[in-house]
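Take a look at the structures listed below.
Consider the two complexes below, in which chain A is the common component and chain B and chain C are the respective partners.
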Partner chain A sequence: MGAIERIGAATIGRVRGLLYALGFMVDVFKQTFRFVTRRKVGSRVLTMQVLFTGVEALSVVATISLSLGAVIVIQGLSLLPQFGQGQLIFDVLIIVITRELGPLLTAVIVTARSGTAISTELGNMVISHEIEAYVVTGINPIRHIVAPRFIGVTLSTLLLNLYFNIFGLLGSFVVTQFVNPIPLGEYLNGMLASLSLTDVVSSVVKSIVFGAIIALIATYHGLQVERATTEIPVAAIRSVSHGITMLIIANAIITLVYYI
Partner chain B sequence: MEPDDRPDEPESADPGQAEDLLAALGGAPADDTAPVSAPIEDRVVEPEPPACRLVGIAVAADGHDILQEVSIDLPAHACTVIMGPSGSGKSTLLKTAAGLIVPDTGYVEILGTDPSHAGDRELERLRARNGFVFQDDALWQNLSLLQNLTLPLQYHRHDLASDSVTERINRLVGELGATRRLEMRPANVSAGERKIISFVRAIVGDPEILFLDEPTTSVDGEHADLMIRKLKELKEHNITLVAVTHDARIASQLADYVIVLKEGRVLRFGSLHEISRSNEPEIERILTDVLSETATYDGDILELLDPDTNTYLT
Partner chain C sequence: MKLRYRFANQVVGVFVILAVALTVALIVLMGSNQRWFKKNFYYHSYFTTASDIAPGMPITFRGFTIGKVTAITLQEDNNVDVEFYIQEEFIDKANEDSLIQLVTSPLGGGQIIFHQGRMATDPPPEGAVIPTYDSKQGLRLREENRVIVLRSTDAIAQALDQIDPILSNVDLVLSNLAVLTDDLNATLRGEASGPVAGILAGAEGAVAELEQTVVRVNQVLDDTTEQINSLLGEVEGIASNLGETTAALRDPTGLVPMLLDPKGSLATLLDDDNVLFDQIVGIIADLELSIGSLQESIADVENFTEYLNTTQPQLTGILEEGRQTLDASQDVIESLRNNPLLRGGIPEAQEQPSTFESIRDEAF
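Then we have the complex of A and B:
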């Protein structure tokens, strides 16, 4: 096979893969709608997913956001007053925590924890024929397995982003008490003055989009496993690498849409 | 390919049975008071549609042909056993017949419906009419054994009250001598128990076709006998059985038809009687090899398939 044929075959393969992934995405949306509107047989799966992704990740998110808030305040308060812009610390906090790093870091945490877990679990289910068992029993695996994970991960990412914001902004307040003590009222007023509706909406939109991306990519790669257990770690790695790449691209697009 | 002949009538039929058979065919019983029926030749007997039709099936994996040119009508309300050496494509054929594997060429009709052209809801309804026992049980690991059994009913049998579901599951579990520890996860019970629960899961929704992939593997003799007894009962209730097995007991006690596979091709499809009496050396050799994997019968191994001569297993 010549070089041009190889390139052609690879291109066709990529296009087919992309079309397949798009078809999977459409099916997930369709089955998620049916999952919500019909009998809630799979609600247990949804509850378990929210518990694992949302609740069990709280401590990790809290620790990271508290530390991040503290670092921003320490750096900001040591740098900004040199330019006579000490009051900009609130804007910096909102930009970094609410607009950008809150949704993105939360999504990265969810990808690392839940994305890999979902890919691994679904891959194992394929190998042990559990997915086939759903199919042959007349239970649509996209509706019963993927849809609750899709909802659970999206909802959890949104809630974790909220927690990230609360703990990040709280952490910065605690640090300011050691560096440059200000009353809570003044701190909150400064924070609210810097916070716009666009910041809140973009943060919410980002976390919903990121949650959907993580769930779609993780379930897609998990179900791509075919026969061998050696495919499972590959699926998990792809889930993380593709997931983070897509998150960064989506973050850039949403930021462009909202702030330019 | 249709089976080469129909299952043979019993050689020494009971006169009562013969009368029942005549009555079933519409023949006038030897009773002057009975209403006069129309002559048999005046009636149009519609042939029973096959439970499952495979037409021109080919399946390949990694560039290798698994199934080639398979065209078979699996008869309804009968037991068809698929036999062949390891790697001959038995499980692939079973899964293709059940609509679990989409063939590369050809098509499948299950109960008159081609799954690849069915809509979501139609497909779900069709699946709910089938049961499948996997070779490696395929129980849902994140559910308890009880949840494994109730989930299909929750999806498809909204007519059943929870009491009826519990009663149905307990009855089937009791009949098959399965574990009473239904709250346990599959990983915590033995392979045999998992297989029995997998069997119960396949039949709990009253399927019309039951596909079985080595149903008695890893099940002890006593429980395998209970399973075979249940399969006989299902067969008596006109459930279509399609089984891949190396177990001579299933073949001899249940099979009406036998498919002999070799290297992905159907070597022979016919009634048990015809296959077991085949003089073709290749068929004879394959069946001998397959059955001798599990049997310890000291004699002509092919007699194991013949219910008329088989005294060892009955």
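Then we have the complex of A and C:
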């Protein structure tokens, strides 16, 4: 096979893969809508997915959020007052925790924990012919396997992002008491004055988009496994690498739209 | 089976409800803190530049944020329209004589300070223009002490507060100086209509009038002197006649002894066929003529004296006016002489040749 043929075959393969992924995404959206409107069997799967992705990741998210808030407060209170801009600490907190790093770090945590888990689980289901069994019995595997995971991951990412913000913004108050003690009312007033509805909406939109990206990429790569068990870790790795890349690109696009 | 798996629905429910409740509480607190449901009163101010002004900039009153800048627009007349609002709970601090002042820090950032008017009036209507600290209206309000201006506690701001009026005054002085120079030049060219030009024109006219007046006065004085001289000549003749008459009366050999002598004129008068009587009558007639002339002369003197009396105020006024004109002219000339701008600048220095010559400068 010549070089031209190889390039042509690779391009055709890429295009077909892209079209397949787009078709998969459309099918997931369609089946998710049907799952929401006629939710019966998969509700337990959804609950367990939120439990695994959301509740079990809460401790990690809370720890990271508190640590990040503490670092921002300590660094900010040591630097900003030197320029007479001590009140900017709340703006920095909101920009970092609510607008930028909160949704992204939460999504990275969910990708690392749940993205790999979903890819591995679906890959194992393919290897053990469970997917074929669904298809043989006339059950749509997208609706009954992918849709609850899509909703669960998206919802969990959103909720974890909310917790991340709450822990990051309020938890930093605890750290502030060790560095520069101020009354809770004053802290809340300063923070709430700096926090705008646009920040909250931006954070919510980002977390929903990030959750959808994680779920789509994880389920897609999980279902890409064909027959060998050695494909499962490869799918998990691809799920994480592609997921984080897409998260950063999506974050840049949403931030750009937000500032425009 | 783990507890969390057995009660997965409850755990997830609590997880979701808690997150939603905290988020809703946060949004409600945010709305309350940011006064989403309270009224703001919007006003306008006009600045000369939008530098250091930005939407969202706080408007503070005695350290409290009472409002914020909402919009900045460049007007057709190149003024900057700054729209801002004052919160409902602080609207009673605003009154008709209120001012706002832009205070900037050299390290960046700035704020707009609200100065309350001294008189307690109703707040200005929404949409009204609140003058700025450095505007003409603001300057007038401050000069009339109609606004309460608090001194800033910041050392830099205090220094700027002290420098700002000086710079404003310097700017004003320079502007006035430029205008004055232009006016002065125009005045010296005779093209202006200002007070100095009026004084100069008045001085010129007054000097011309004074010259005419002096000529008229000289003519009057010449005429008067001539009349007085003629009158004095007549009076002198009359006086000499009277002297002669008196001397004749005092002479023992004169008329009276001759009249009293039995052989004298009286007897002769009584017995000379009225010759002497006729002579006496003639003398009396001459005397009457002299007295008549004397009376006419006295009347002329009286008329001249009366003319002098009526002319004296005019002469006095003309002389006083001339003196005032000369004083004013002297002041103007003195001020022009003292004005450094009209002295012709720095005189050209006369180069003083050095008495020392180097050996190298010598011809060889």
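To be clear about the criterion, the second predicted complex is superposed on the first by the 259 of 260 C-alpha atoms of A that agree within 3 Å, B and C clash if a C-alpha of one lies under 4 Å from a C-alpha of the other, contacts with A are read in each partner's own complex, and residues count from 1 in each chain.
What we mean here is this: a contact is a pair of C-beta atoms (placed from the backbone, for glycine too) under 8 Å apart; a residue touches a chain by one contact, two chains touch by 3 or more.
The shown structure was predicted, so the numbers you read here are calculated from the model rather than taken from an experiment.
When both complexes are superposed on chain A, chain B and chain C sit side by side without a clash.
By the touch criterion defined above, A:Ile139 reaches chain B but does not reach chain C.
After overlaying the two complexes on the shared chain, residue contacts for A:Ala193 are found with chain C alone; chain B is out of touch. Of the two partner chains placed by superposition, only chain C is touched by A:Leu159; chain B is not.
Of the two partner chains placed around the shared chain by superposition, neither chain B nor chain C is touched by A:Gly76. Once the two complexes are laid over each other on the shared chain, residue contacts for A:Gly171 go to neither chain B nor chain C. Legend: residue contacts after superposition of the two complexes on their common chain; A:Glu130 is shown touching chain B, with no touch to chain C.
Ranking chain B and chain C by residues of chain A touched puts C first. Once the two complexes are overlaid on the shared chain, A:Leu58 sits against chain C while remaining clear of chain B.
Put simply, the nearest alpha carbons of chain B and chain C end up 12 Å apart when the two models share chain A.
Overlap of the chain B and chain C interfaces on chain A: none, as no residue is touched by both. Here chain C touches chain A in the complex through residues 4-5, 8-9, 11-12, 15-16, 19-20, 22-23, 26-27, 29-30, 33-34, 105, 107-109, going by the rule given at the top. Residue ranges of chain B in contact with chain A, taken from their complex: 95, 98-100, 120, 123-128, 130, 132, 134, 136, 138-141, 151-152, 154-156, 158, 201, 205, 211.
On the chain A side of its complex with chain C, the touching residues are 47-48, 50-51, 54-55, 58, 83-85, 155, 159, 162-163, 165-166, 188-189, 192-193, 195-197, 200. Residues 39, 41, 124-125, 128-130, 132-140 of chain A are the ones touching chain B in the complex.
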